[in-house]
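Chain nomenclature is as follows: A, B, C, D, E and F, assigned in order of appearance, with residue numbering initiated at 1 for each chain independently.
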Amino acid sequence: MIIDSHAHVTAPDSLYVFKAGILAHRGAHGRGGANVTDEDIIKAHTSPVFGGSSHLDQLKEAGTDMQLISPRPYQMMTSENPKLVQWFTEETNNIIAQTVKIYPKTFRGVCGLPLTPGVSPKAVLPYLERCVKEQGFVGFLLNPDPGECSGVETPPLGDRFWYPLYEKMCELDIPGHIHSSGCRSERLSYSLHFINEESIAVVSLLNSTVFNDFPNLKIMVSHGGGAIPYQFARFEAGSLRRGGPRFSEKMRNLYYDTVLYSADALALLFKTVGADRCLFGTERPGVGTVKDPKTGKWLDETRHIIESFEFLSAAEKKMIFEDNAKKLFKIQV
Amino acid sequence: MIIDSHAHVTAPDSLYVFKAGILAHRGAHGRGGANVTDEDIIKAHTSPVFGGSSHLDQLKEAGTDMQLISPRPYQMMTSENPKLVQWFTEETNNIIAQTVKIYPKTFRGVCGLPLTPGVSPKAVLPYLERCVKEQGFVGFLLNPDPGECSGVETPPLGDRFWYPLYEKMCELDIPGHIHSSGCRSERLSYSLHFINEESIAVVSLLNSTVFNDFPNLKIMVSHGGGAIPYQFARFEAGSLRRGGPRFSEKMRNLYYDTVLYSADALALLFKTVGADRCLFGTERPGVGTVKDPKTGKWLDETRHIIESFEFLSAAEKKMIFEDNAKKLFKIQV
Amino acid sequence: MIIDSHAHVTAPDSLYVFKAGILAHRGAHGRGGANVTDEDIIKAHTSPVFGGSSHLDQLKEAGTDMQLISPRPYQMMTSENPKLVQWFTEETNNIIAQTVKIYPKTFRGVCGLPLTPGVSPKAVLPYLERCVKEQGFVGFLLNPDPGECSGVETPPLGDRFWYPLYEKMCELDIPGHIHSSGCRSERLSYSLHFINEESIAVVSLLNSTVFNDFPNLKIMVSHGGGAIPYQFARFEAGSLRRGGPRFSEKMRNLYYDTVLYSADALALLFKTVGADRCLFGTERPGVGTVKDPKTGKWLDETRHIIESFEFLSAAEKKMIFEDNAKKLFKIQV
Amino acid sequence: MIIDSHAHVTAPDSLYVFKAGILAHRGAHGRGGANVTDEDIIKAHTSPVFGGSSHLDQLKEAGTDMQLISPRPYQMMTSENPKLVQWFTEETNNIIAQTVKIYPKTFRGVCGLPLTPGVSPKAVLPYLERCVKEQGFVGFLLNPDPGECSGVETPPLGDRFWYPLYEKMCELDIPGHIHSSGCRSERLSYSLHFINEESIAVVSLLNSTVFNDFPNLKIMVSHGGGAIPYQFARFEAGSLRRGGPRFSEKMRNLYYDTVLYSADALALLFKTVGADRCLFGTERPGVGTVKDPKTGKWLDETRHIIESFEFLSAAEKKMIFEDNAKKLFKIQV
Amino acid sequence: MIIDSHAHVTAPDSLYVFKAGILAHRGAHGRGGANVTDEDIIKAHTSPVFGGSSHLDQLKEAGTDMQLISPRPYQMMTSENPKLVQWFTEETNNIIAQTVKIYPKTFRGVCGLPLTPGVSPKAVLPYLERCVKEQGFVGFLLNPDPGECSGVETPPLGDRFWYPLYEKMCELDIPGHIHSSGCRSERLSYSLHFINEESIAVVSLLNSTVFNDFPNLKIMVSHGGGAIPYQFARFEAGSLRRGGPRFSEKMRNLYYDTVLYSADALALLFKTVGADRCLFGTERPGVGTVKDPKTGKWLDETRHIIESFEFLSAAEKKMIFEDNAKKLFKIQV
Amino acid sequence: MIIDSHAHVTAPDSLYVFKAGILAHRGAHGRGGANVTDEDIIKAHTSPVFGGSSHLDQLKEAGTDMQLISPRPYQMMTSENPKLVQWFTEETNNIIAQTVKIYPKTFRGVCGLPLTPGVSPKAVLPYLERCVKEQGFVGFLLNPDPGECSGVETPPLGDRFWYPLYEKMCELDIPGHIHSSGCRSERLSYSLHFINEESIAVVSLLNSTVFNDFPNLKIMVSHGGGAIPYQFARFEAGSLRRGGPRFSEKMRNLYYDTVLYSADALALLFKTVGADRCLFGTERPGVGTVKDPKTGKWLDETRHIIESFEFLSAAEKKMIFEDNAKKLFKIQV
């Protein structure tokens, strides 16, 4: 069974019409909603999206059996007015929950959280609990920079600022999927900002006492861990100098998805953190849904690459494609 | 011959006493200077530094024949008062030039530039020219974020903002070595900020028209290119979608040093960008100058790793260790 | 013939999906577009909107023969990043032009302008000229507060800051329709902000030398002139004290639409400024498209109210419904 | 009997000399005071002011029997340093109380409050209580924008921020007279800012739950309610859409003064909100104290206009001129 | 003959009523004016002020024959809106010029300048020229901190920023009297801020090249030079260390008034800078106009103290009381 | 016995290398330390410093028997990141304590405090207590402007903000030595800022109720009290006007060091505040350690000047040189 642990919802247009509206009227028209019917969702999943075919067809093409879908991060506008962020996050999560209900064999939901830049995550814990207990979400996007590079900083994930969230995560036994949202700097795009934030998140978490204090905390890092599997030895040096546990060992406190689109990078990831810490992920349809004219294949069709790795055993491949996801997200099929 | 293209000056204490002083009196005591004698420099290079032995001894241990030394980036305080930045940069460069004069067979100089955050690089071009023509520097540190993550942004390296500098670089036929300085954010250390800035620099340069407009521009990226050799396929997707030249091909417009301390990362780098674009570098003595208890080796003794790579030919190894550096920095021995 | 001089475009959903996207990716996906087909526009005008029936049906119900349509102001996000504002304004204008081409007997276009808060309007003049000469727009929305109450102030309309625009308006013989966009203050909604800005605009213009310097300038104020026809005597006092021309006389330098939904207010407007300065307008479908349970009529069906005024002659009514609009906007049927 | 419910104190020069002084020395000379004697006050009321005759003579000319006097709002500098605002407000209130004591048949006092922009009104409640209980004030100026358009916003009057004040108003059974102070924006004068703030206040109050929560709250809006009696149908639409009570009905929760200087506007006001909600007011001597060369009458002599309205009964006129003021302000003669 | 070179105008109340008004209406009532008659000025100078007797009587009591009067500095509000500062400065200067015309034997005028914090003094040069050539002012207040300690800094007087003013001063052969205005810091009063600013001014001027570049520049420092005659040796040390001319010698490039109220301080001043650099000054009526219960004398009656100094010759005393003022301000009697 | 109550530590270079490092890495290398050995300290005190001879030799030359040493104020960077300020302050204090231990007959320690601009001093009280009780400090530097003129203001010393510190000072019976640190304004140097801050401190303390509330509070002002002994009569006037105790009497609540380098200034100080309030001080080696070519003496060799004053008795001189220091700092020899 192939589980794709990192993908984003294909929402009906009305979600974005709703968003454009609330950003403009700023609440003057009331809360309102995207008012999405099951038909809208079915149509959204069966109509062509980028890549040419429909979301459901793309899963079939890639051989994916189940996909974990979350809000499309760059759309989440988390540095905007908190009330509007909350409304849009709720609408998006509701559409995800509705989609999972319609396609229970194909999708599981990972919700977004309406965090406010620099503000304690305490405020969102009741909502997170409702998402998990009432709407059946199996994880959530843990956004390390709700300020979206706007200048309002939020402490890094190793800071005690985040402990109330970690306590709730352990209590609910729910994993956080590290993924930033937009980027307001003119110096880089949101897509590269994802990578940089993942590097910051990994280094901050592993150089902190978080995993000592929360040994059962479950965190998955997007996009193969940002720069860190490639750059880890730089941080290994510091850990050796401090005489503490090696940074490379601590890297195994985290989980990593495989949203990387080159064979060398995937191999480096598996060799660096171990197959037991990796979850297959594609973001498909997403950034990698483009055909490489050289190979004639979609860049995000990485299943074949992984399957071809001889240095991985069959058991390890099954871990990556299925077992790790089932364990981390407690997926029962 | 082994040339280490990325290392930093081991300066006498008086340079940092000078710095502490100007930061405190802010010019009230006048410009002053570090007043470093040749004896001071010789003493600095023959006394133990971190790692235990002296800078010169560390080169011998590692088998390095020649090293390119530049200001120690995290010390450069480029987001401080511009007058003080200029003073400290000049003092540091002077010490480097003096060091090269004392040890002409061992060192070559790469100077720092007193850039001001968000301000056109035009102002520093005459100084750069003097560094090259009068003090014999063979390259300079190209700091993409003189604001040191303080909130004052400087346009990314692909922006026309930087064109006056690129024109001067071509005119002088001098390479820029991309390296940021400190980091004032509480979310990450300067060391990780280096990596993130390198990723921003590479993506910005390669998605711009810089190399179309300056085909002879010579730029070397630190630390093996930040996250990009590992994450490149993410950006390959965009380039394929635009139908333009592949991002991976454009990556070969840049040079990369090998300041990575793990075999897998080094292998990935060579395979991704090609041996002809890589320059051996260690930062030794520096972040990697720590002994790995497992291997008993210094982390930054990566020469042996590279020499052991079977997938590289002898010619390729010579390129990495010697030829590329000689060509890029126009080093004559 | 009934011409409705103040109404806004009914755009396909894809315009707002486009907007939600660019606000989120901030240009990282490139300029893109709403990619609206004629079919999309026809569908948008024949599908139910708020009020229950379609835009075209609502015109028929109200007996409107021709309508001037402009961007929906609250959606214009003019205080956002200037590049994004320009993209969204262009897309919206393009859809309006396309709509006018499809329904040449029913619609005429009034374009939006991508003004930047506090920045001279000079930059948008070439674009305005293209809108008029190439796309056939008959007027434009003159936004007195592109900052959207965000704290970045733009000088009021009586300031010489606006003179380059007034020169171009006279040169092109094109009227400006005063209408602000959104409102970022938490103290009031955009809808009331419209009214307040109209009052500021009228007082600033009439207490300035604008109409002395530009006697042929054509400006129409939205919503019956904000508060001013009701509050004018307050400003009459100042003009009498200065011994200058009476404020009430200067009010006749401007034109006013009739977007007011009560008989008493409409009567006050006509009596205060004269029928020859008033243009029938409804914003339908818009804020007034709601049925009054008392009368069973739509609030914005004000044609009947005006027709019933005995104090207006038939010629005056024709002015209001037809002649003034034809003259001001140079409409030929 | 004619009661003028909206007028401002004619203070001796020494009040403004005091103000100029504290703004300059900022407390360095101590609290000090205006040190006004009864003679000073008598002189101030019997010397010519703008309009040519004295304040007392102007009342006689206009046939006013009693006047409610409050601080002259534009002078209140409420966005200045809070300590200075408090001092100046106290001095002004003291002069008003002293004036009422001297002319007990002619004047009643309405005090100012030293509110600080964005700060809870709790801090001024003890002072308000003293003003009412010890100094005999019959109402107070309720300033909805103590920040004077300076950028520091105070929540609008419908916000729970104001509830502590509303509780105290009900407890003391004292009315608030909505009136803003100065205006620091360069876009509009304080006089128009009054109007805009009144519109904001009315809409915010009526779209909130304030009158549900405080059914006995007594609030009078200045200048005939800003723009709202003219523009009300715009907000009626929203109330109908929400299916709630009509905005026009809720308008009768408020009282309005008649400080409008044109017959049409006065008629619109009475017809829109009802004679039982209107209190005669002139601000005389004030903005309207100028002779209209056409009629030879003062603009603020609106008593004759109101008396001439045939659509009002004698009882209604008595309400406007006398009964409503007596009831609202609990005036006993 | 006794000339008091440092005193401030005793203006009629209407000047401060004017000021309170423009600060409040911010121009909405137009420029207006204090409208001061000769009678008002005569009354102001013959009515009691602080100290108990009238300004003219206080001069007689102290035996002063002629006084140089300038705007009362703490009242000048130079950090306010520039337009309002200009209006108030002009009104104040006009009253001074009018006063000098009424009392030509008693007064000479020293004008204020409407400098804007951080903005080049170029803008005020034409006005300064008019003050001197058309209104007969013999000097002007040189305000080193128009920002009034508000956080907007103006470069210190030794900076080239001030050169355009120095050129004009030399061209007009007119002295500048260093005197700051108000103080917006909560840490100190304007009165102590005067002293601190004078210290800054003296040190900045003397450690700069101003007197090399403008050898004929005439500058008088208020209040005996701030702290510097007492603290000068601290700066002497620096000048000796630099091997340059002694600070104590350069102090003689400046003039100093004697506005100090203790014998020891006056003696220190004369001994430190020399009698030929000192001008008698009292600020009377002003801060020192209070009777010392011990001596029964006014604190600012310092003439007797100076006359009693045995270490000064009669010629030196005449310099201090008369000759230096006549020379510096070119006073002809 | 000659006790010099105001001098600063001569620290080994490594303290400033440490400082330059933490300012640059901002904690990324961990807390670290200056790691100063007794040998380093002995070397620092026996090597030449500015002035030419060693610190210890300079004491001998000047005839000083004991010196109170504190951190070198301009180096303290108190407006920097609080964590770094704390680290650097601790390191500096540790070196002082270590120096006192090495030279117990020559030195006593006065510690610095890591105050944060605008933040209550409560946070540093436990540290102050440890300095006194565990490290034997006999006083501390009381910095009235930890913001270093950066724009972040701290209330002046007369404000209740400082009461927690004053309580602790009384409890520990420890004196505070008023001394500011650096100066970030471009308008003046730190050295003049010292003087200005001392003036502010004295005026604020003496015009407050601090000495009424803390009659046993012990405070010494640096540099002879800033400007105040010279300018005191200006403030005497205010105190007489208020009818309160004379400012000159209240000046005797404070102690003053004699760090003035001219005979006239020293004489003024003694005459103004009394010998029983003065403590001999030189800052040697420091600003005054320069030879006057006229006299051939060091400027800071003021012992001879004081000894030569005939107006002082032998007992008074002993007070100044020895007794006052012993009493204030509780020094036992």
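One rule holds in what follows: a contact is a pair of C-beta atoms (placed from the backbone, for glycine too) under 8 Å apart; a residue touches a chain by one contact, two chains touch by 3 or more.
Computed from a predicted model, the values in this text were never measured in an experiment.
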| item | value |
| --- | --- |
| Any chain in contact with subunit B as well as subunit F | none |
| Chains touching both subunit B and subunit D, listed by label | none |
| Most distant chain from subunit F, judged by the mean position of its C-alpha atoms | C |
| Copies subunit D and subunit C - interface residue numbers shared by over half, same or different | same |
| Inter-chain centre distance, subunit D versus subunit E - centres from mean C-alpha coordinates, in Å | 44 |
| For subunit D paired with subunit F, centre-to-centre distance based on mean C-alpha positions, whole Å | 57 |
| Distance between chain centroids, defined by C-alpha means - subunit E, subunit F (Å) | 34 |
| Per-residue multi-chain contacts in subunit D, two or more chains | 189, 191 |
| Category of the chain touch graph - line, ring, star, complete, other | ring |
| Ring of chains, enumerated from subunit D in the sense that reaches subunit E first | D, E, F, B, A, C |
| Contact footprint of subunit C on subunit D as seen in their complex | 151, 153-156, 185-189, 191-192, 195-196, 199-200, 203-204, 223-224, 226-227, 229-234, 236-238, 240-241, 260-262, 264-265, 268, 271-272, 287-293, 299 |
| Touching residues (chain side subunit F, partner subunit B) in the complex | 13-14, 16-17, 19-21, 23-26, 28, 74-77, 182-184, 189-191 |
